[in-house]
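You will see chain A twice below: alongside chain B first, and alongside chain C after that.
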Partner chain A sequence: MTKWMITAALAALALTTSWAQAQEVKVGVALPYTGIGAEFAQLVDRGMELYLKLNADKVKPYKISLIKRDVKDPGGANAKIAVQELLTQDNVDVLAGWIYSPNAIASAPIVTAGKKLAVIMNAGTAHITTMSPYYVRTSFSMWHAGYAMGEASAKLLNAKTAVVGYTDFPPGKDSLAAFKRSFEAVGGKVVDEIPMGGAGAVPDFTPFFQRAKDKKPDVFFVFVPAGDHAAAVVKTYAALGMREAGIKLIGPGDITQDTKLQAMGAAAVGLITMHHYHADLDNPENKRFVEAWKKEYGAATTPDFMAVGGYDGMAAIVHVVQTLKGKVDSEKALEALKGWKFASPRGPIMIDPVTRDIVMNEYLSEAVMKDGRVFQKVIGKIDGVKDACKEQKIGPCAPK
Partner chain B sequence: MTFGVDVASMLLGGVAAGMVLFIVSVGLSVTMGLMGFVNLAHGGFAMLGGYAIALAMRHWGFGFVSALVFGFVLTAAVSAVLERVLYARLYGADELDQVLFTIGLVFMMIASVTLLVGPENQPLALPSFLRGQLDLGILQYRAYSVVLIAVGVVIVAALWLGFERTRLGAQIRAAVDNRRMAESLGINIARLFTITFAFGSGMAALGGGLGAEFLGLDPQYALKYLVYFLIVVAVGGLGRVTGVFYAALLIGVLDFALKKYVPQGGTAFIYALTILLLLWRPQGLFGARAT
Partner chain C sequence: MTEPVDHPAARALAERHRLRIWEAIPWLLALGFFFAFPKHLGFGTELLVTVLFAISLDLVLGYAGIVTLGQAAFFGAGAYTVGILAKQGIWHEPITGLLLAALVAAAVGFGSGLVLLRTQGLTLLMLTLCTMALLEEAANLAHDYTGGFDGLDSLPIAPLFGRFEFNPLYPTTQYLYVLAVLFVCFVFVRMLVYSPFGQSLRGIRENMLRMHAVGAPVRGRLVLCYTLSAAIAGVAGGIWAQANAYVNLGTLGLDRAATVLIILVLGGHGRLYGAFIGAVAYISLSHFLARIYPTAWQLGLGLLLVVIALFARNGILGIAAALRRPAHRAAS
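Our next item is the complex of A and B:
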């Protein structure tokens, strides 16, 4: 009798464990948790965790476990190794992460070979999503902001000439190409293009900005990775007296990243950016998101566009898990995400069924002082923006 | 006229950058020359000092100048303790052990700062009189750069006098030139080294704080500018204050000019130039010929 009971208990135990295993979805996260990208990784990571925490009931009855790997740097090689390990050692069901474009580019062949859904939560070089059929992007393409900004500069800011300064790596070149194409299409002229060092370390921007100042353009369009690069850009712009010289500093929202904006202080006032998110956006989802973020991580912290990339990316993964009832088959997961719509803190978003890239609003914002803090005031909005690089099949975005 | 203004602005920018390089690197050069110790954690001390200065200003109500003094003293004290407790054990060790030890120390510094303060850049707000533009007659220029150059000149003069005209300076020079001879003449090398090490780290801290306007301040500071500091020391020669000074100015101005006029070359030019230079003169541009 006792023997029977033990056997029955063991059988029950075996059943529950295998049941639990079937319920668990392993998400492999590849982010630069140490090194220059550490603060970005923290933002995306917190965005993902916050979604899971706020939506625990939407995840049930399944369990999502995050297996985090450090990809260390923007170089590509370490990211490739991390992704390979996530696939072969941890047997993850879904991949997620990617702050830096070179890492997503280097990982593409591994992702393709591993045949797992891979959600890009930041890396913005336009053609990345064409490099693997398993890539889905919940962040942005450089063309979303760059292309929209080119047109807005000429039409709304009445700029005739522009100098473009960019960090010399794939998204920088992408940003330059996007801005130049649309700015020159509406009659503007890019009078100088200045590569300003790499993404691995923040350079002293003085010589590059001195060069830009000497060219006396109407607008100075700058793409640098958000974070410390951006803080240094705004500081140098102010210190060289470029505003007084009548040169407007514009760019994608990386230069006014929410996490850096208050520290920039008065130097940031007047900056004009085109982006899909900042923490001052006025919509109910964003109000809830920002409030929950401050409650979870401290009143002094703020989410930003990277945090939203992680938050929406996790929403996409949860959607897949629910649709497929906890058994994530990659092909079916891709189908589930094509055309997926979500009310994001950045406004309504959709995954383009053709390109697997995001479709979202772009906001033209100006930094102003309000109640003693720098506030991003929306002065223009474009609905449902697609990645222009893939829409117009330009360069590496053209289907092979 | 415009050409003159162009060159002047380039020189001002380059010299200001060179001053920061000098202030950080001078300690590295002297300690390397003195003990032949390869201290790759030197940039780490600059980072720690910069943090002390930024945090003192933001949280403890220090002014810019008093925070600089505080950062200097604190970093010098911390480094003196580390020197006695850790570094002193490795003076006889081979170079690989020294390199491994100091690199390990850098990683620990980076990890500790990330853990305690966070991975993000530390803003260091300059007092209002150092911000904005200064009218120099023929051109307007960034006030801070001009002040930094003046401060740099004062520091160089003070260091040169200390090095050339004081007993301690003479002892350091003697020890750099011939350590065994200096030791046999009764100079206490261990004590001398602790003093110069602490002073050099304090200078690095000062450089970390003064240079934050250009170089920023985050945990990675300890590693990402190390190459520049090492280039300055290699070009300037070991244990030579004036050599390091000329080298820092040369690198600062060259780097600035190359970035301004040929940005397409990226940041690679300066490395290529250094390689060529060291092939031509392995002891550095201003170093004494190896005997």
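Our next item is the complex of A and C:
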């Protein structure tokens, strides 16, 4: 009799503990909270937290707890250790984060071995999602904006010739390859390709821009990493009188990152960019998002494309938790996300069921002055853009 | 032949190379760590590689007095040797891979040492930094072979002795492998610094002019020391690449070179075990502080470094030595 009672008690205990486990979903967050990436990590982190805060009722009855780890640098090793410990020590159900592509690349074998859903919220090297079957990306690939811009330059801006200036590291090369491929496919010609130093420090852009100016192209496509490069780009462009020479400065939205744009001031006016998000987008979700952001983090702050990567990534995780009723099984989670549609601040998005990468709109925007601030005016839009690199199976994007 | 002088100083000189009982402690602790913390082995492996790397720096900086900021050049040379050979499908076996890494790093060390070691002081410091920066940029440019900024990933490294796989999630093999290699390299360095060669290095560090005067081949010794140190740094880099199945530009960066310098100064240079103490203190502190405060952990680490710099010029082991000294004096 006692034996039965003990068994029953044990069974009850087992039930309640498994019930308690079903209630809480642990999300391991790997971001560079310190060092040169700290400013980006904060944007992604705030994006995630804001989604959880605004959608507390969507999370219920489950509890999502974030376990945050600093991956410190783009070197890969620290990111690997952080991800490994999140998997083996904290037994997380889902992984999230990744600002730098090298960290996502270094983490791939561990993610595969750990068999947990991993949501990439920024890292943009195109082929990353092919490296682990558990990677799902809610940010972008460099090809999204670069490829769309090539086509738009020829068709909407009527450009015949272009010069490409790029920061000499993989996202820059990706951007160049994407732009060149689509621009030349619709009859344009890239007359010069100018590598402009590494990503580590902001160079003096004058010699590169002078070389571009001498070629007299219709458009000058510039890729520099998000952060402090863009202000120098805009300044040099103005100083060399390139606009007066009839050369349009264009690029992906990294050169008009919302958090940096106002500091550039009037010099930024006339910049034409292609990107999936900026804070001036006119749709109800974005209005709500920007308003909530300013209320939460201060009127002087603004979300940008990195923040949206975190926000949408968290939306994806919440969707998984709801669909699977709090018990996150990785295979089922992947199934739940394939083809998932969401009304994001950047417009409608979807996870491509084949590549696990994002499908979204790309917006062609021009920077104008409005009410004493730089405003990004949408002048063109391409719906449902997929990552062209994987779509056309180029180089490392070809399935293995 | 005269009788050996029976004097405490002479005895101390004659016996200083002997093994002491406490020298087993670090190794026992490292083995204990393996059994006690099976889920921390990724961190442990990184720690052991850093110790090995710091030992290579101790040889040039602590013993020969060559002030360098470019030690990561050799770490990276070793790492990329392993990485490129594995990625191109030329060589997968780990142990011989390490020997190749050591050879390549030694060649880089020898070549650059021949030129660099003609200079001293700040010039030398700048030139070591430049060598490293040149290598880093070369690795960035040779994108087809090195993978550029993204690095080389998923390196196919063969199982150790054909049997023990490198598991990315539970790096037990990696930990024991790195520990064994560290032990072998440490024994080699220990023999080296107590050999006549090691003594002459100390002489050069203390008074180069006098070593010239007694006819010691100063430059040759320095170049040889620099080359050996490069080889060990190459082994550290190679084993790092094998343990992580990954290599990227971070292996050649100033970050790594500066960190290892801080670690050595923190632990105490020219003391063999300073590398152990410094690495354990620095890496553990940054690792566990970062877990508690992901955004503000550097504050704690910075405070420790300030305190060490202000009050313990010879590092943590320097404090220990300073505490021991009065006791010795009282005894004799």
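Convention: the second predicted complex is superposed on the first by the 378 of 400 C-alpha atoms of A that agree within 3 Å, B and C clash if a C-alpha of one lies under 4 Å from a C-alpha of the other, contacts with A are read in each partner's own complex, and residues count from 1 in each chain.
Throughout what follows, contacts are C-beta pairs under 8 Å (C-beta built on N, C-alpha and C of every residue); 3 or more make two chains touch, one makes a residue touch a chain.
None of the values given here were measured: they were computed from a predicted structure.
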item: Partner chain(s) touched by A:390 [first = chain B, second = chain C, both, neither]; value: neither
item: Chain B versus chain C as contact partner of A:346, first or second or both or neither; value: neither
item: Which superposed partner A:38 touches (first chain B, second chain C, both, neither); value: both
item: Touching partner for A:198 - first (chain B), second (chain C), both, neither; value: both
item: Chain B versus chain C as contact partner of A:137, first or second or both or neither; value: neither
item: First (chain B), second (chain C), both or neither touched by A:168; value: both
item: First, second, both or neither for A:265, with chain B first and chain C second; value: first
item: Partner chain in contact with A:89 - chain B first, chain C second, else both or neither; value: second
item: Chain B and chain C contact sites that coincide on chain A, given as residue numbers; value: 34, 38, 168, 198
item: Contacting residues of chain A [partner chain C, same complex]; value: 31, 33-34, 38, 68-70, 72-77, 80-81, 84-85, 87-89, 101-102, 105-106, 108-110, 113-114, 125, 131, 168-170, 173, 198-199
item: Interface residues, chain A side, partner chain B - complex; value: 34-36, 38-39, 42, 168, 194-198, 200-204, 206-208, 210-211, 214, 227-228, 231-232, 235, 238-241, 244, 259-260, 263-265
item: In the complex, chain C residues that touch chain A; value: 39-40, 42-43, 46, 137, 140, 143, 148-151, 153-154, 167-171, 240, 244-246, 248-251, 253, 255-256, 287, 290-291, 294-295, 297-298
item: Residue ranges of chain B touching chain A (in the complex, touch as defined); value: 6, 9-10, 13-14, 17, 111, 114, 118-121, 123, 125, 131-133, 140, 142, 144-145, 213-216, 218-220, 224-225, 255-257, 259-261, 263-264, 266-267
